[in-house]
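Both complexes below contain chain A, partnered by chain B and then by chain C.
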Partner chain A sequence: MRVEYINPFVEAAYSVLTEVLNTDIKRGELFLKSTSMSVLGVAAIVGLAGDVEGRVLFDMTHDTAMKVTNAMLTSMGMEAIATFDDMGKATITELANMITGQAVTKLHNLGFSFDLTPPALITGQNMEISDQRVEALIVPMECQYGRIEINVAVRER
Partner chain B sequence: MRTKGDFPNINERKAEGVREDGAPYRVLVVDDSMFVTKQIQQILTSEGFEVVGVAVDGAEGVEKYKELHPNVDLVTMDITMPKMDGVSALEKIIEFDKNAVVIMISALGKQDLVKQSLMIGAKNYIVKPLDRKKVLERIVSSLNR
Partner chain C sequence: MATVANKIRKRTTSALAREEELLEQIDFKMVTFSLAGKDYGIDIMKIKEIARFVHFTYVPNTPPYVRGVYNLRGEIISIIDLRGMFNLPHEENERGEEEAGLILRLESNLIGVVVDKIDKVIGINSGSIQPPHPIFGDINIKYISGVVENGGRLYIILDVEKILAKKEEISEKGKIFPPLGLDSSSDIGQKKLEGSIEFKEKAHTDSSKSTGQNSAVDNDSLNLEFITESLLALEGFHVSLLNLDWIQSRYEEWKKERPAGAYQLATKQDSTSFLRPFSSPFTGGLWSKDYAEKLAAALPPDLGKQLHVWNPGCGRGYETFSLAVVLRKKYPNSIIKVWASDKDLLSVSAAPNLVFSPGEVPEWLREFMVEGKNGLFFSPAVKDMVMFEYHDIMNSHSMPPVQFTFARDLFSYLPIDYVKTMIRDLHDRYKGPGYICLGHNEKGTIEFGLEEITNQPLKICKIVG
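Now for the complex of A and B:
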């Protein structure tokens, strides 16, 4: 997979997370995974179809999802949540929406044309994701709330 | 003795969501994301606006607008929604009431749809992520036009 597909997602994730969490974000080392890999606990998945096809996963632990949700809610003057309820799911979904929206603008400007699916949220323990015939590039983003992995598996059609 | 009421309070700023006569502007929020709906509600109610209705898709938005009319001053309309998208809902609302004040809420990367909405009659647009200042600025300027 070409790195130029993942960069817009990484840049968008960095700028959106910095803005909405209002904290320092550290970008970790990029790594490649061609076998199936475990999902951390809460993952928002967005599908891409067009000149490029595949999926992007925003993956984090349940604990990080809770902290990120509450950081986003309280920074906007809304009430924090005590359990990862529908509001928590809507918040992480919206976070994925904001990041992909920005990334797609960058990719469109690079000349790629494709459509996106609305984000779907997956939660649970002991899950794995497998991508047949396409390897996944992962960029971890570290902040005070934990690690958020940007996991991109796309290929040219 | 003069009471406190006799002195004008120079620190008192008029809330953006309240008309000259003291009545709040009434808002219908149309968005499929619970997060965005809550966020808009929070921003607006803190400035004195009254959220009189919430709809989770375009079809429900049109229905609620017709129900509330003429007791609604402003609509915030998400663009990407299930059942009926925000652009089609805007079209239906303008068809019903050509003076409707509708503000589009858009994710980045939907410039074409935003342009189309403005042509149809949306008064303004706001790009997500939403921040308080941006939301209030756009909404207040649309109401004063």
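Now for the complex of A and C:
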């Protein structure tokens, strides 16, 4: 992955998560992965197009997704949810949108033009994601609610 | 008489009726067009639309009958010139002039074909299609599904699925049956590689002439075996035919450097100092003028208008920028793109914005640099040639086919089989002659699908597959 793309994603994930969760976020070591990898349980996916093609995947366990949703909802004065319902799904989707949106804005300021597709949310057990011939950059983010993995797979057009 | 006339009339009307019946049973429609003055037809079910093409985008490195790609309302389709494909005479189109063509909908994809002139759509009965005669000249008989007469003209019906299938067959063939010699050469490579690690066996045959030194030679071969294992374990260095010559001569030096008997590499420190002379000159630094000139002299005179270069293991980017400048000077009229990658995130992420103090920049590079407030950096013209990527060479990559790979001292640090696969992949993906630059102490051999075209000091190899 082009090195110029890395920082905007890391910075956007860090700043958005810090802001909306209002807690300490620790960034883990970045790494690359090419083979298929398992999805933790709840995954929001945002497609990218423009100078590049690819997708960003926000991956977390069901438990983390619940806690993150509740942290976001209560901080906005809304009621916490007990099951991962439509509200929960919408919240995680929105989180993915915010992070990708901010990253794309940063990239735009650097002179790269990217477009976003509407985010989609995938939930389930024992899932795997594989990208043919695209290497994925994994940005792990740790917070008190658990671990959120941001998996960016883009290639030049 | 009347009855006879009636009978005749009856018979003719019934014959006419039958003929009409046959005409009415139109079950095959085709679009007809002309190529080099002759009439042809294509089954209308295969045709998505009739189009007029203008402004193709030329695609380099394709067969001459591929005109390029075309943007059909947002969909990109490839365009083939049927006249070129069948070696029919045709006039070169003036730039920007519209051309007649058909968009075909084939099983797998859409494809556009350019023809001389679109005629019309005619309906026929499929029963009236005659099989092609083997002596049809211009177009190979296997692409013709039949001949039909209509309105006094003879139409040759083309089998477009077969025409396209021919292309796929070729590319599949390329995959299944790699170019001659590749299979056998990799076999030899395997055998020789096994052999290369078994120093002992080799030493035995060498020493059979001088039995008196048997034990000494045995020791050497054992030591070399241990060194091979230690280098792999401590340094990730794979001893193979790529570097065997160097390892053996280095071992002789090593024996002189070390106290007697202590020839094995016991610690990381040992292995590092054993490998120290392996690195090519100017590893991790900007190149000297002399070195750059030697590379420029060793490079092939022409690498095409579009030059894609891969620089895996670029580290902090000193090598990449030096290389980019050499290429720019050597091929001033080419569009050059250098893909530089490394799996060390810290090194490679600093590479695009390298800043130099005036003292460390060799004179020959100065004209390609501009001065900033923190020091010198490469001018946008050079920077734009290079794209740095955070990439692990063991993962797949979606790079375009590259003509030239600059990988000094890299392949010795990768598993042997992986290097072979990678070189074969480079060879398969790039159609023309591809080149690789190896490290100074590496050797391109046929077992790796390489053939050295220059020897000293830069090891430029042609990829022969």
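Everything that follows uses one rule, which is that the second predicted complex is superposed on the first by the 157 of 157 C-alpha atoms of A that agree within 3 Å, B and C clash if a C-alpha of one lies under 4 Å from a C-alpha of the other, contacts with A are read in each partner's own complex, and residues count from 1 in each chain.
Throughout what follows, a residue touches a chain if its C-beta (ideal position, glycine included) is under 8 Å from a C-beta of that chain, and two chains touch if they have at least 3 such contacts.
Worth saying up front: this structure is predicted, and the values here are computed from it rather than measured.
Chemist: Once both complexes are superposed via chain A, do chain B and chain C end up clashing or fitting?
Modeler: fit
Chemist: Just chain B (first), just chain C (second), both, or neither: which does A:134 touch?
Modeler: Only chain C; A:134 stays clear of chain B.
Chemist: Is A:24 touching the first partner chain B, the second partner chain C, both, or neither of them?
Modeler: neither
Chemist: Thinking of the overlay built on chain A, is A:78 touched by chain B (first), by chain C (second), by both, or by neither?
Modeler: first
Chemist: Have a look at where A:105 lands relative to chain B and chain C in the superposition and call it first, second, both or neither.
Modeler: A:105: touches chain B, not chain C.
Chemist: With the two structures laid over each other on chain A, which partner does A:142 touch: chain B (first), chain C (second), both, or neither?
Modeler: Neither: A:142 stays clear of chain B and chain C.
Chemist: Regarding the shared-chain residue A:155, is it in contact with chain B (first), chain C (second), both, or neither?
Modeler: second
Chemist: Nearest 10 degrees is fine: what angle do the Cα centroids of chain B and chain C make about that of chain A?
Modeler: 130
Chemist: Scan A:91 for contacts with chain B and chain C and give back first, second, both or neither.
Modeler: first
Chemist: Pick one for A:6: touches chain B only (first), chain C only (second), both, or neither.
Modeler: So A:6 only meets chain C here.
Chemist: Considering only touches as defined above, state whether A:115 meets chain B (first), chain C (second), both or neither.
Modeler: Neither chain B nor chain C is touched by A:115.
Chemist: Just to confirm the geometry: in the superposition, how small does the C-alpha gap between chain B and chain C get, in angstrom?
Modeler: It is 21 Å, taken between the nearest C-alpha atoms.
Chemist: State which residues of chain A lie in both footprints, the one left by chain B and the one left by chain C.
Modeler: none
Chemist: Tell me, which parts of chain B touch chain A in their complex?
Modeler: 33-36, 38-39, 42-43, 46, 80, 107-110, 128-129, 132
Chemist: Sort out for me which residues of chain A touch chain C in the complex.
Modeler: Touch list, chain A to chain C: 1-4, 6-7, 30, 32-34, 132-135, 137, 155-156.
Chemist: Which stretch or stretches of chain A touch chain B in the complex?
Modeler: Interface residues on the chain A side: 16, 19-20, 72, 76-78, 86-87, 90-91, 93-94, 97-98, 101-102, 104-105, 108, 118.
Chemist: In their complex, what parts of chain C are in touch with chain A?
Modeler: 343, 345, 348-349, 351-352, 387-392, 394-398
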